[in-house]
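In this document, chain identifiers A, B, C and D correspond to the written order of the chains, with residue numbering beginning at 1 in each.
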Amino acid sequence: MSGAGFPRTQTFEGNYASLADIAAFVRQAASEVGFGDFAMYMVETAVDEACSNIIEHAYGGEDIGKIQITCQDAPTELKIIIQDWGRSFNPQAIPDPDQQADLEDLPGHGLGLFFIRKWMDEVRFSFSGDGNVLTLVKRKE
Amino acid sequence: MSGAGFPRTQTFEGNYASLADIAAFVRQAASEVGFGDFAMYMVETAVDEACSNIIEHAYGGEDIGKIQITCQDAPTELKIIIQDWGRSFNPQAIPDPDQQADLEDLPGHGLGLFFIRKWMDEVRFSFSGDGNVLTLVKRKE
Amino acid sequence: MEITSTPYKRCDLVKIVGRIDSGTAPRVQEALNLITEAGRFKIVIDLSQVDFMSSAGLRVLVNTQKTCKRFNRGEVVLASVPANICASLDLAGFVPLFKMFDDVTAAVGYF
Amino acid sequence: MEITSTPYKRCDLVKIVGRIDSGTAPRVQEALNLITEAGRFKIVIDLSQVDFMSSAGLRVLVNTQKTCKRFNRGEVVLASVPANICASLDLAGFVPLFKMFDDVTAAVGYF
């Protein structure tokens, strides 16, 4: 079945209620290309964090702009391309969260990008006139 | 199916380990004649109490004598006949337990005959040269 | 019949699986005695997996309740009592003697 | 997502069913705030039926743990944590922050 129905693209409203639909869309793709339960969960997590960031940081709120997601199947990997038309940012400037901190000092935020980087095999941001594009690659075993 | 395989008789060792086998034997009969879950539980309880009493009181201990049980199916009732060859007693002399008592004063014993009388429709004891016979009747609805 | 005792901070949970009759009731009594002899008198008995309980079993419950309630030091409560056993407790007049909870978690949370 | 809060004698049980993401995490935070604002700081969170938790959910857990542990007045513990969520907690470095119990009864019994 690998390859059938790919690439597939869907556009979602940029609000938090879309997150469950977005999860269903990428889980379906991850399942079809043969990912197991935990790999699917890692993909779901990375995409959820990326889309939450788009709504919160790129658009600065709900229902300001749309999110377009494309799933591409390749022999050795699943590629997920997430596009938005909000403000850009410099991902290199965002450090990993401090894991040494005491409970009281834990910031609690800053985990999203960290999860994306840890659980995906490749993470590429590109910012151009036609919006911001995040490419996530998860390799098949 | 009513009537098929009835009457059926089985003899058990007079010890507490037999109680589960006895329960299985009478539950099977009660189920075959169409009793529902609670009616089966009432039959199981009455027979278990009767056989426990035989071991404890009629024989005065485990593995002294045997217990023979016959199940008879009739159009309107299931009849269970329990026979032992231990000492006899006077059931009329046994009063129902006192249900008014405080927790501290509750005797805890004396419930067996009470359960038998309450949950069976007919209860007849007979004592003769050939042992003691308890006949329990549970009517079909 | 199987008995599993689990000590928690405020109470002990005793889960019984199988049939409580004259043959097995003494083992239930022993398991409960181990707890009360350790000076612990708040006990949850999980009856969800008990398919039969005769008067011998009821007697164990009442004896243990006497021990636990003495000096106001504790209490036996019952969790997930099957309908048939509830009918037995009722016929014996024992329903007022035991708090009953639909689930074990609520029973443990009571103490 | 559904949230059910049950107050017990020594702790509150919060059972969450569904997905905890940026959209639903605020409702979890509200449910937990209701408890801590009532002066109750011993909380069991039952995650057995949670199929997904993003960093927004982890943040709620950590915030509530901060509130509860302050002044030594209590603690949040987790019950029945699904393996995937455990992996998330682990990646975030949060495993040492929460006692975890296999079942809800043991978690309630801990308090």
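One rule holds for everything that comes next: a contact is a pair of C-beta atoms (placed from the backbone, for glycine too) under 8 Å apart; a residue touches a chain by one contact, two chains touch by 3 or more.
Computed from a predicted structure; not experimentally measured.
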| item | value |
| --- | --- |
| Chain at maximum distance from chain A, centres defined as averaged CA atoms | B |
| Centroid distance [mean C-alpha coordinates] between chain D and chain B, Å | 53 |
| Chain centre separation (chain B, chain C; CA means) in Å | 25 |
| Centre-of-Cα separation between chain D and chain C, whole angstrom | 31 |
| Touching pairs - complete list by chain label | A-D, B-C, C-D |
| Partner chain D, residues of chain A touching it in the complex | 15-17, 19-20, 23, 37-38, 41, 44-45, 48-49, 52, 55-56, 97, 99, 103-104, 106, 108-109, 111-112, 114-115, 118-119 |
| Residue ranges of chain C in contact with chain D within the complex | 6, 8-11, 13, 104-106, 108-111 |
| Partner chain A, residues of chain D touching it in the complex | 19, 21-24, 52, 54-56, 58-59, 62-63, 65-66, 69, 83-84, 87-88, 91-93, 97 |
